[in-house]
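Note that the chains take the letters A, B and C in the order they are written out, and that residue 1 is the start of every chain.
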Amino acid sequence: MRNPQLNDHGELRHLLSIEGLPRDIITHIMDTASSFLEVSDREVKKVPLLRGKSVFNLFFENSTRTRTTFEIAATRLSADVVNLDVRTSSTSKGESLLDTIDNLAAMHADMFVVRHAQSGAPYMIASHVGPDINVINAGDGRHAHPTQGLLDMYTIRHFKKDFSNLTVAVVGDILHSRVARSDIHALTTLGVPEVRAIGPLTLLPPGLEQMGVRVFTDMREGLKGVDVIMMLRLQNERMRGALLPSAQEFFKHYGLTAEKLALAKPDAIVMHPGPMNRGVEIESAVADGPQSVILKQVTFGIAVRMAVMSILAGGR
Amino acid sequence: MRNPQLNDHGELRHLLSIEGLPRDIITHIMDTASSFLEVSDREVKKVPLLRGKSVFNLFFENSTRTRTTFEIAATRLSADVVNLDVRTSSTSKGESLLDTIDNLAAMHADMFVVRHAQSGAPYMIASHVGPDINVINAGDGRHAHPTQGLLDMYTIRHFKKDFSNLTVAVVGDILHSRVARSDIHALTTLGVPEVRAIGPLTLLPPGLEQMGVRVFTDMREGLKGVDVIMMLRLQNERMRGALLPSAQEFFKHYGLTAEKLALAKPDAIVMHPGPMNRGVEIESAVADGPQSVILKQVTFGIAVRMAVMSILAGGR
Amino acid sequence: MRNPQLNDHGELRHLLSIEGLPRDIITHIMDTASSFLEVSDREVKKVPLLRGKSVFNLFFENSTRTRTTFEIAATRLSADVVNLDVRTSSTSKGESLLDTIDNLAAMHADMFVVRHAQSGAPYMIASHVGPDINVINAGDGRHAHPTQGLLDMYTIRHFKKDFSNLTVAVVGDILHSRVARSDIHALTTLGVPEVRAIGPLTLLPPGLEQMGVRVFTDMREGLKGVDVIMMLRLQNERMRGALLPSAQEFFKHYGLTAEKLALAKPDAIVMHPGPMNRGVEIESAVADGPQSVILKQVTFGIAVRMAVMSILAGGR
């Protein structure tokens, strides 16, 4: 079966998932992001690569933060961005998702950035649109969040240079996390020899071992000697649900404290996709400490999204 | 009485309604739209005609779709667009509509695109603003939706070339439809010899015959030999109201099916202003079939709105 | 203690409050605004001073009007503007204000325009951000609304030329008004010899006399011989509260009517920050009359905000 993300020449056509993305494309995105990193540092933070292109932010699920990062990335590439609050638009008037897409396509859209609560929605859109439109998955259900995965890889490469000798731990609610899924696929593809998943049994999905991941329910055990700690956000709704006793209880066992961090390598870096629940997943002393690279992730995220957009637009 | 849409030289100053719009102005708008159609096909989809102009989208009634088409049209003309969600703004703080308008005018607005639930609101605004500001009616109450009417005419001209030998049927809830009203005025002005209105008696306004329209309550009868079928959207609220038995019942009598479409001329085109209620006004096989030009209407709509904006800005 | 608004060379670094702003900086802002006034009158209403800069409108409290004025000012300086409806974003996901700020800063923001219901929030943000970011207070709690104060001063200077011989009356709900606070500080700093506060005892804050303000509870008494009348907006919630008998009663005693206006100097000007409650604070005949400069305030407001933004960006 053909990879829906690539065209016949094996070039990136849509970014839907890190699963199935060849290593050289991930590397190409990271290399391109490097060149964009300095654009955001300039006096005039703009390049004309997407001038006159129409980028639509289609957020069927609300996420001001993520939408903003894509809006900024597109704007710094000189694109025209239209933000569609799809929750209040035609879909609520009974129009189907694909009718909405067809309509926007008929307005000569160039790119759709799609966030949707339903896993697979960006795939459905990508397989529906014509050859002139690129689709970027900005998070679909529990499935994937590929630009987050890519910016996480960029961050690791920036600080650790080489993936081939790393031990990386992903900690928290792995079951419900599209970020975890994207990160694990990316780490595996890039050749990280040891990927660990740390969390309570109720928040660990089945099948992790088959993906080559070592599973730990004891955080102290799992953090020993790691180079990278990737914390996950605990959704508020989980804390209220049956899967967890309480936020306090979660923090006690799976919150990252300075004391637990000391079990990792001395130069280990601490990552978090944001927004953070301080005192739930992570202690403030760690979040703001010298090993935290959490804000660097945000900065790199803009460059990575600029890279993805420019590669998609150029590959057409 | 002077036509509030035209200046002393008979040039377009505001676009408020197709009623009272001279035929040569409608034709001029369509000719101008033709030249903009290729702009949206370019690598760089922009022309600098409205550079540095401030266009305000004043949507007192929510319509993401229509707002988006105006935003895209203005952006492709290089205007600066400000979207005002007026429902949550000063008007809710007790400020009058005209005070809001005066304030925005004092910020040196160039153009107001107005959608309002109350018929006539754009007229009130147009008669209030100074000579430097143009007003476009983006739909007012049950009264008018002139850019929809214009893009519908553009679509008919594109496919049928000449208006002088056509039979056109408008089908559905004509009573509540500003689109129907605008279309009927446009068709009459452009010299269409036979305009038909098809719908249940409860959804047909009085006075259609006086406008030169032939009225049919039997859809099969009304579709015989027509060149153009213009379906209307059935508002959800009507379906729940006393005017209609049910959506299923409506579809049975007034939904466009392949079987009913066969009664029209073989090369008849099918139009719909969107968003569609599939299975209520129109069968999917027809909506997506070879005679449907529904998505072409959307594409032409951008060009028509660019034409209206550029003519208004140029005529000042 | 250092003034947090100024850098080590005494240049403007943030605009947080008129309190503590040196007179020469206020004058410099007004002089700069003069030069921007004609930009909004041009065919192409844009100058490239902030091209490629990222301005974030952070409105933690809803104010479409004020947000729009900053958006227009930034756009006419060619900045890229991102509007963040912060009420629906990460802060509601439990993220702290400063984490939100850190994240946006990491996206290489250049300027934050902050409206917040809590007094002092813009100060907290300004003291937190790095040297590359400027903060503008767009209204914080009951504390300050410095750009409103500055545009009010610009308006007075425009019509009265000189501050040194004026009598200015501020009328209405002074207790809850950040506008009143900013205006009184500005008038005092610019050397206005007589500032009067007029309102019911329940809406007059203590300490006015210590600020050099003459207090009047009788509006007719207070208006005698004044050059400038600055009306304040009466918040709807006050009218329903215990502090006021009724809107009608308020209007009777403290509403500006033509009859009361006649007590001021014949060339007195009438100001209001908007949105107006006609028939509560002010009679329509006065609001729309020859002495009203209310819409001029709006026009000058754009130029003043452009001046503040360009001075902040240039001073870096």
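Convention: a contact is a pair of C-beta atoms (placed from the backbone, for glycine too) under 8 Å apart; a residue touches a chain by one contact, two chains touch by 3 or more.
The model shown is predicted, which means the values in this text are computed figures rather than measured ones.
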Fill in the blank from the handout: Listing by label each chain that touches subunit B and subunit C gives A
Practice task
Please decide if copies subunit A and subunit B contact each other with the same set of residue positions, more than half shared, or with different positions, and reply same or different.
Solution key: different
Completion exercise
The distance between the C-alpha centres of subunit A and subunit B, rounded to whole Å, is 41
Handout entry: subunit A: positions in contact with at least two other chains
Key = none
Fill in the blank from the handout: Note: in the complex, subunit C contacts subunit B through residues 40-46, 62, 64-65, 68-69, 71-72, 75-76, 236, 274-278, 295-296, 298-299, 301-302
Practice task
State the interface residues of subunit A toward subunit B in the complex, per the touch definition above.
Solution key: 51-54, 80, 82, 84-86, 88-90, 93-96, 99-100, 102-108
